[in-house]
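Before I ask anything, here is the structure I am working with.
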């Protein structure tokens, strides 16, 4: 891979290098989980809310639900975007993203053990510099973890009903080179843009790769997936550190 | 792969076998392209409309645009679904699908040569038995081709501004086996669901793989992508046959 | 009347001649009734759905309900029309039409015998060449009939709770001549446009006559109603043939 | 007909008798026409607004437009109805009515002579006791007349661009008897409900007859239309009296 | 104050003089209270509806609720305003006003004694010449009073559950002078606009003062509040007269 | 006043004591002004956006505009609130608040000197503990100041087109005592709630006082306004300190 690549990236990173990643827990005080996820200049506030009810299709099933909402503050970007409320609903991109975040975080929870309650992840972008959706998944995981701890403290379950650690990262082909964790300038120039959600065992939960205005080969794909595997594992280390994981807190860790 | 698998599929197909695929052109009479795409019992009416205007962000650029809308008729499914109009807009799933269809078909058009006009692909599901979004992409390509032929006949360009043939197919892991072109019953039981859009050179345009309630390994992924490559190339043959491609009609074929 | 009229119509028909009328049952597979109604080039897919509930104002009354929705596919016409979903609800014309279809089909059902269930008729126009609302009523009747047969097979009632056969047709004054079953070109040129819903006994269920930009006399009205009576009875014959009516299937036939 | 009928109506009227009809002009002060139309206890405020623009499909055509909006105040009825604004748009019934009012009033204006301007009739029901839509047409005509006078005074045209006087009335079959101008109690009990718009020459502009839960014969229809002809001519006399028609004010009167 | 001011107002009033104020009860016949409030040329129809239910947050509390809706008829003003329904909801100004009216009228009712029922005040502006919101509060009080009388007659409570009489008036600074009860021309020219809701004891229920494009001093404020106190007490006298208050009808009067 | 009051407030403050107030400038990086306003635990992110266009009613006037939007993040409160987007628009309370913020900040700008451009203040509540609207006004002023500085640096005007410093604070009567800057627990218990917007000269820009469930006397009002004057002047000192006001930067300071 590209550790010895000659071409420096716009911010001087190596091709396989993440931006500085932090997860600031308890960023606000009311939610059961409230995490400010930062990937370089990208900042997403992820809050987890526990509600003691489930969507109608799950009522009486004994199973829980995890869902997500995603929104950008109007000036999270260099050009102001209208609030979705003035447009009469979330736009297509936001809808797509919140479905991705919801599916991914749902995948890592044992919904039977969660019981008939819903965890809502609200992902609000305070500042956007590329990779907001993967920051939302990665930060959302930390907020979700805190919300589950909150329920555990209340005696809802003896061990957190988690199936694995989970994070997400963007990778992309820029001028033919595979790059990890694209910032906005790189993202705008990318021929291929891919978002990958993986667990701590290196298994895939979701892959979304798009070549708008371009195509990619099987070999390109392999290179990108390798970068993604490296990146997601590193991010999981940052998550663990932020969470201060205790022994036996999860059945798998 | 699974050619020698012992387990027959619900409809008796081999694991790497498509359902009967047809593209019925001129299914309706007014659109510049109007194709009924059938994949087994799934039927999607794909119409292409040429409009002599572009979205505001392209005005004056000399470039064209391709976009898509996707909708299911209320009784395309076994339980009636409300019209999106009664719900106040397309739901999340439809939004996600129409963005996929639009991106994919935009990728295969040379937008410079198209000039300042928009081609809208309307994908209306008359009957749904799994794989409606990939049928929409594959049928939409045929309708797009007809609309471009219509413009060529008017002398807008000397050769169709297409960059490649394109089709899409669904693949998935069911009970641990990779299957090609899932019908609804298989789709409901799948641990992993993946939609792949490829061109006639075997390059990827879009990959979306989701393991809701499950995860998948790199090895699973390789198996699924191999099936997808086989399937999309076969579908492209059906497209060509339906279109009766003539020599020199495209720069690449 | 105008059998000996000298002026041939745009498609060569006599003034009192219907376009070719067909009702293709089981056009799709999931609905309790699914009929493609064709009047010349006009094609309306009419599906009937049985739901085991009624609107709130009928709950506990023991009576059922029949209602309808009407929509045009974007390229059913020569100029693409926006989906109502992008406009935030059905437009005025669609609302007017679906209320007409609902009232008409409700009129021919014995709602007491139907019991507390709703039959929804979805009328989706695949191709429009005039007369879509009357095609929706006439095709909707056939779909309704199939849905009632479906309930009868389940033992819900011993005889179909129908009060009469019912069809609808458009008539109009074009250049002073009364014409039966107007196609789009005729409709655009008509001074008076009238939609008539009648039963097999020649009784009226609904009359809507409009002279936008013109007026009509009592004598014009008589001529138009006579044509409508001829047309609706012919259409009822086509309906019966398509349905393969069996002896004693209805109390009245 | 029923002048000698033995059965008195709920309010003691003869079958062919209108309720007290008045048109109070200048009911409010800002509109170009502002008429409170009363039919018995039914009161509809009809205002006419002149706007110096036309819908986009008429721009540059030299022709004008007439349109209408219809709404009920929440407590115009014995049970409060929600404002359409809380429901997100006019309901089906209001849409149907405002289209009828718009078409009818448009029919009596010479749109060429009107020139590129729009007259909007706002019909707001202050109190509803049956027949609000026909009161809206009849009162709307008076408001329209005043708005045209206003334009004539400004020198826009030398003679009012009207083609005829116009009014509307409801008729219906109640317990088998044809009745003129139904109040709400009669309307609720009617087997057949018909709204008829006619001009001062006894010609029809619009007929809408509905037999929900019932049917009607050609003979029923004749009886109802005869009553409607009597009623609309009487209403036109009330309109003329309210307007204080001057000699030569219209080309036809 | 300004009794001896030299500058006459646009309509010749003194600075501390109300326009002619009337409250016409039973203006329409179905509502439990129906009052046409006139302040000069401003006319607001205020109807009170009693519903035997409360919003969900009060269910089971034994307490009632009072709320309001406000809307302007399209031609209540010299330039036609769109119905809020065409705009998809009440605009900001209407929302602000209906919240003010609801809060004010809620404040004067003993909600415990009202019991679990809601009184809805619909305030529809027929003609607007300034001060519509204060006319809505003042007229709404009279309609509310009538609705409570209606409940008292039904034996719901032995004495009207009112805490005080209540009215509202606008005051403002125009060309530096404090004026009472501004008409539209004065309102448009005002540097400071203030709406004051007071009870018959001279206590405040709500004060809203705004200096858009200007500011005001404590001394200005005192002058305006003094005018408001005079005006609201006068209006309460008009309310009492219109209501024909009987001895012992309220616990306080 | 209450400096020597015996009753300590829930957080130990004196009655006339503000919570800790800070204005953190450049909280995000893209907006022309981006300020996190903190009043105790209340945190509102206020961003100012300059757009080189004005609403249609100002086009060609040479004058500018200032407007505001207000929204709460779902978990800014202890119980999650739905996004307005799921409800189809801002709710009544948000509408009322954003109109207050817009009016207040517009009042302190010389719109002629601003020229034909709009400044939009987005006020997003990250955490709510009472007083969010006054924090939005006070923080919005600082963001507005920074946006004007940005324009001045671009040479748009030689001196900031500001008319005064401006801040806002809430005051209220709790258990009969007037309190400054209410936190949520105090606000919930208040008999009277008042929001006051003042400039650095002690003049009023807006007063909104509400006694829901209570009333207040002229004497109560005086006490509350005195507290508000003290509080707003203190806040203006914090604003100046945060802004590091330079000599001659404004015409008035």
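Per-chain residue numbering starts at 1, and chain names A, B, C, D, E and F are given in the order in which the chains are listed.
By definition in this document, contacts are C-beta pairs under 8 Å (C-beta built on N, C-alpha and C of every residue); 3 or more make two chains touch, one makes a residue touch a chain.
What you see is a predicted model; the values in this text were computed from it and never measured.
Peer 1: Of the pairs C-D, D-E or B-C, which has an interface that repeats that of E-F (more than half of the contact pairs shared)?
Peer 2: More than half of the contact pairs of E-F reappear in C-D.
Peer 1: Averaging only over C-alpha atoms, locate the centres of subunit C and subunit F and give their separation in whole Å.
Peer 2: 61
Peer 1: Report the inter-centroid distance (CA atoms only) between subunit D and subunit F in whole Å.
Peer 2: Centres of subunit D and subunit F (C-alpha means) sit 52 Å apart.
Peer 1: State, to the nearest whole Å, the distance from the C-alpha centre of subunit A to the C-alpha centre of subunit F.
Peer 2: Going by mean C-alpha positions, subunit A sits 34 Å from subunit F.
Peer 1: Any chance you could list the residues of subunit D touching two or more other chains?
Peer 2: In subunit D, residues 88-89 touch at least two other chains, as defined above.
Peer 1: What is the shape of the graph in which nodes denote protein chains and edges denote touching chain pairs (line, ring, star, complete, other)?
Peer 2: Drawn as a graph, the chains make one closed cycle, so a ring.
Peer 1: Would you mind writing out the residues of subunit F in touch with subunit E in their complex?
Peer 2: The contact residues of subunit F facing subunit E are 88-89, 92-93, 95-96, 98-99, 103, 106-107, 164, 194, 199, 201-218, 221, 225.
Peer 1: Inside the complex, what are the residues of subunit E that reach subunit D?
Peer 2: Listed in rising order, the residues of subunit E that touch subunit D are 28-31, 34, 41, 43, 45, 47, 49, 51, 69, 71, 73-78, 80, 83-85, 88-90, 120, 122, 124, 126-127.
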